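These are the structures in question, set out in turn.
Each of the two complexes below includes chain A, the first together with chain B, the second together with chain C.
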Partner chain A sequence: MTRKLSRLALWVIVLFPFGFILTLSFGQRWPYPRLFPQSWTLSNWIEIGQSGAGITSSFWLSLSLSLSVAIIATTLSFWGSRQIAFHPQKQVLLRFAYFPYVFAPVILAACLQYFFVRSGLYGQLAGVLIAQLCITIPYGLLFFSSFWNPKRKAMEESVYTLGGNVWQAYRMVLIPTARPTILTCFFQLFLISWFEYGLTQLIGVGKVDTLTLRVFQYVNESNIFLAALASVLLIMPPIVLLWLNKRYIFRLNTNKDLL
Partner chain B sequence: MYLKVNDIEKAYDGHPILQPLSFGVPKGKVLSVLGRSGSGKTTLLKIIAGLETPDAGTIYLEDQEITNWSPQKRGIVYLYQEPLLFPHLSVQENIGFGLTVRKVAPNIKNDLVNEMMDHLGLIEHRSKMPDHLSGGQKQRVAFGRALIISPKVMLLDEPFAALDNQTRMQMQVMFKRMATRHNITALFVTHDIKEAIIMGEELACIRDGHWQLYHSIKSFLQDHLTGVQDEINFWKKLDP
Partner chain C sequence: MSYRMLNQWVGPIIFIALSVVPLLLGIGYALLYSLGLTGIINNGFTLAHWHTLLQDASFWETIGFSLVVALSTMVISIALALGLVLREPTRFQRPIPSFLMYMPLAIPAIVMAFFIFQMFAKGGWLSRIAFQLKIIPELQSFPDLINDNLGIGIIVSHILMAVPFLVLFFTNIYQNEDIDAYRKLAFTMGTSRKMSLWYVQLPMLLRPAQPTLFLYFLFVMGSYEIPLLLGSQSKQMIAVLTIQKMQRYNLADIPQAYAISVAYTVVVILLLYIMVWVSQKNRSYDP
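Up next, the complex of A and B:
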């Protein structure tokens, strides 16, 4: 009984913020000291469905930006980590990958701001994409650094002596054996990009209106109902990813003991 | 000579691993190379396979210089101590891997894979994944994967070292049988004196990067540096 109650309490604690935000997105007018909003309406949701109120476009912008960042950064960091792992100066090169996290992404962005202004990328989507790659690629490099070991190298060499080329080694052996690791990295990089605020704000100068920026904007405007609605949209993709992770990746990792 | 190695040298960070060494292997012969850990035998094999570059020296195969050729072009297969099967592929997919990368037609590939699995006694395991195989079975799959592409030379780097004694003996018999059937030219590296004598038609010893070739078992047995005499004396002492 106690265990059941504890479990119930745990579920309530975990689910309450999500339920609260979802409920709030249907609210209208909430004067103090009322416990709940004065009225409930679908108008917030209908509004974004019709005029968009900018939220829908922000959602798609964020989704395409984060997917692009995750795809590019995962690909480059998987390949790059292979080059670093077997490089004689491996430790020195890996130390550079810690840079964005030692200084914090926003400080890195402030340092890079001059170059973005000079190259005309300031306030542009491409600029934000490149800025986000500056923090996600090092993360990916660090993430994959433990993946490469002498056994993987020997396996890659086996492909070459059996007649395969580099492309075949990646396509037929390295990528398939690394699939769970690659997918986990992809999800993590997607989430970093999805929730990125400071860097996007600084390089995008508010012109690249991602969903995360929009949530903060509504919060600053004290528009709690639209902020809640945007938050619901904001947490949807991570929830889908968590579900996919639990259903597919976790199973892959437990069923297949790869190397 | 079918495979000729001339004055190969290699050093890491100024520390010499291989002193200039030269030797040759005739076609269809197995040369056993005996050496302790760190003697440079793996480096030598990797240089011959094209996985490492020598600091000096040349390598010839079928009278063609291959020193700067990529591993893919050489037709030399390197077998590690571990079978290194591809964990996401079944037994038959592993064996057929070399044919897949060569884009051999599926029907021809299937016939060759079936024939190889039959020779190696792996037919009943064809659909199994590597983690469901024993150590000996894995090593047989690794052999099949190498043999199916008819390599010009096989380089075997202590392939049976991780196996128990009985499986090791079975694998030695299997390798001898396959070597005769396929007329294999090979370098068989081991640190086991008995295995070196069983597997090779010729014997060589590598010590601190120096090479010593023995043209007969007798000369090998007589050289006290091979450790054979110590081994014999050890067993004699145990004789009641």
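Up next, the complex of A and C:
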């Protein structure tokens, strides 16, 4: 009985933030000390469908930025990681890949602001894209570093022995073998970009108005209902990606009980 | 240049151009700025900004506060995650519990901060419940749980984000290291539950987890969005203090902001060295 109760409590704690934020996104007035909003409305959600709405444009901007970052960073890091994995200075190079994270991306962005100003990328979408690539490519390299092993190298070399070229080795052997790893890396890089706030705010100077910036803006304006709505929009794509990704998680557990 | 040659060198060049070069440029520029060698108000080499910073008690408080927040988050999160995993080690290997544990990972830091703000603020949900239950007579009687000097809101937010990650992480180690087999072996050799926990399960879980736990510690220490929304003005975390100093109208604050960035880099490098030293020392004890 105690175990069942503790399980239930755990799931309530896990799922409560989702329910709470979703509920707030339908609220309109919430005077103290009411536990739930006094009136409910669909107007916040209907506004999303209107093309001129700021929150809608932020959603599409965030989505296109994160998809671009994920596609470019996954491609470059998969390609680059192969060379680094068999490089004599592999350990040194990989150690450098940790640094953008341990130094905090926002502090790194603050130190790089000057160079973005000089190059004319400050406050530009291209600037934010490049800045995000600076943190996603090292992550991708670290992610793929365990993929490259002597067995994969032997597979690649056997393509050359049989008369194939580099393009054929990637297209017919390496990419098909790495497909689940590439997909997982793509999801994770998408999420890093999708969740990014500090670096985007500093390099974009607030002009690259992504959804994370919107949440902060609405919180500062004390517009909690729109902040909740923007939060729901921020959470939705990762949940969908998780749902898609679960195939890989579930495949490992097919012979076990569901609960 | 042949295609194979291009294929061999382009990867490291892209990595160096997009990761190593920006890092060195950023730290180099911050160091030069903090020494008065570049920037709007540079008057030639000076250690004055460093002198001011190192004499400033609030800087040391910020470093200390960031360390305490990161340490508290890690200790509480590790304890909770270990408790959940060791209670039922196979539970989070199953599809639905593991999927539910993955779900909180879909919450960005800024949304978690917003959620905690709505829960813990004086006019938040917990305060409303306390009022309805007549635990507090008025809104002002509710304790300061956010924007407070103890960083309660910041720590709770980080814990809610860290625990699901650590549960999945420890579950993975438990499965990969086949800890259950060692636990059963320990029982057949006559150990008690307590001894098996302290001498078999915990060391086998924590030793391979050390580098990741340490990196997570650094991640919490350098976090920005959560302390920006939930922190207090008098006690700030390192990233918030750096950015605020950089964005103030007082130009004299900018070199100090860069000095803080360099000082933080030094602290992180020192901590990384300690981590490498500890992990090498641990490895040297292995048979």
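Just so we're on the same page, the second predicted complex is superposed on the first by the 233 of 259 C-alpha atoms of A that agree within 3 Å, B and C clash if a C-alpha of one lies under 4 Å from a C-alpha of the other, contacts with A are read in each partner's own complex, and residues count from 1 in each chain.
The rule we apply is simple: a residue touches a chain if its C-beta (ideal position, glycine included) is under 8 Å from a C-beta of that chain, and two chains touch if they have at least 3 such contacts.
Since this is a predicted model, take the numbers as computed values, not measurements.
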Which of chain B and chain C A:L162 touches, first, second, both or neither: first
Partner chain(s) touched by A:K151 [first = chain B, second = chain C, both, neither]: first
Touching partner for A:C185 - first (chain B), second (chain C), both, neither: neither
First, second, both or neither for A:V208, with chain B first and chain C second: neither
Which of chain B and chain C A:L121 touches, first, second, both or neither: neither
Which of chain B and chain C A:L61 touches, first, second, both or neither: neither
If touched residues of chain A are counted for chain B and for chain C, the larger one: C
Partner chain in contact with A:P176 - chain B first, chain C second, else both or neither: first
Common interface positions of chain A, toward chain B and toward chain C: 165, 256-259
Touching residues on chain B, where the partner in the complex is chain A: 49-51, 70-72, 74-78, 80, 82, 84, 86-88, 97-98, 100-102, 131, 145-146, 149
List of chain C residues in touch with chain A within their complex: 3-4, 7-12, 14-16, 18-20, 22-23, 25-27, 29-30, 84, 90, 93-112, 114-115, 117-119, 123, 125, 127-129, 131-132, 139, 160, 164, 215, 218-219, 221-225, 228-229, 238-239, 242-243, 246, 257-258, 261, 264-265, 268, 272
Contact set on chain A toward chain B in their complex: 151, 154-155, 157-165, 168, 172-173, 176-177, 256-259
Touching residues (chain side chain A, partner chain C) in the complex: 10-11, 14-15, 17-18, 20-21, 24, 32-35, 76, 79-84, 87, 93, 96-104, 106-108, 110-115, 130, 133-134, 137-138, 141, 165-167, 191, 194-195, 197-198, 202, 212, 215-216, 219, 224, 227-228, 231, 234-235, 238-239, 241-242, 246, 249-250, 253, 256-259
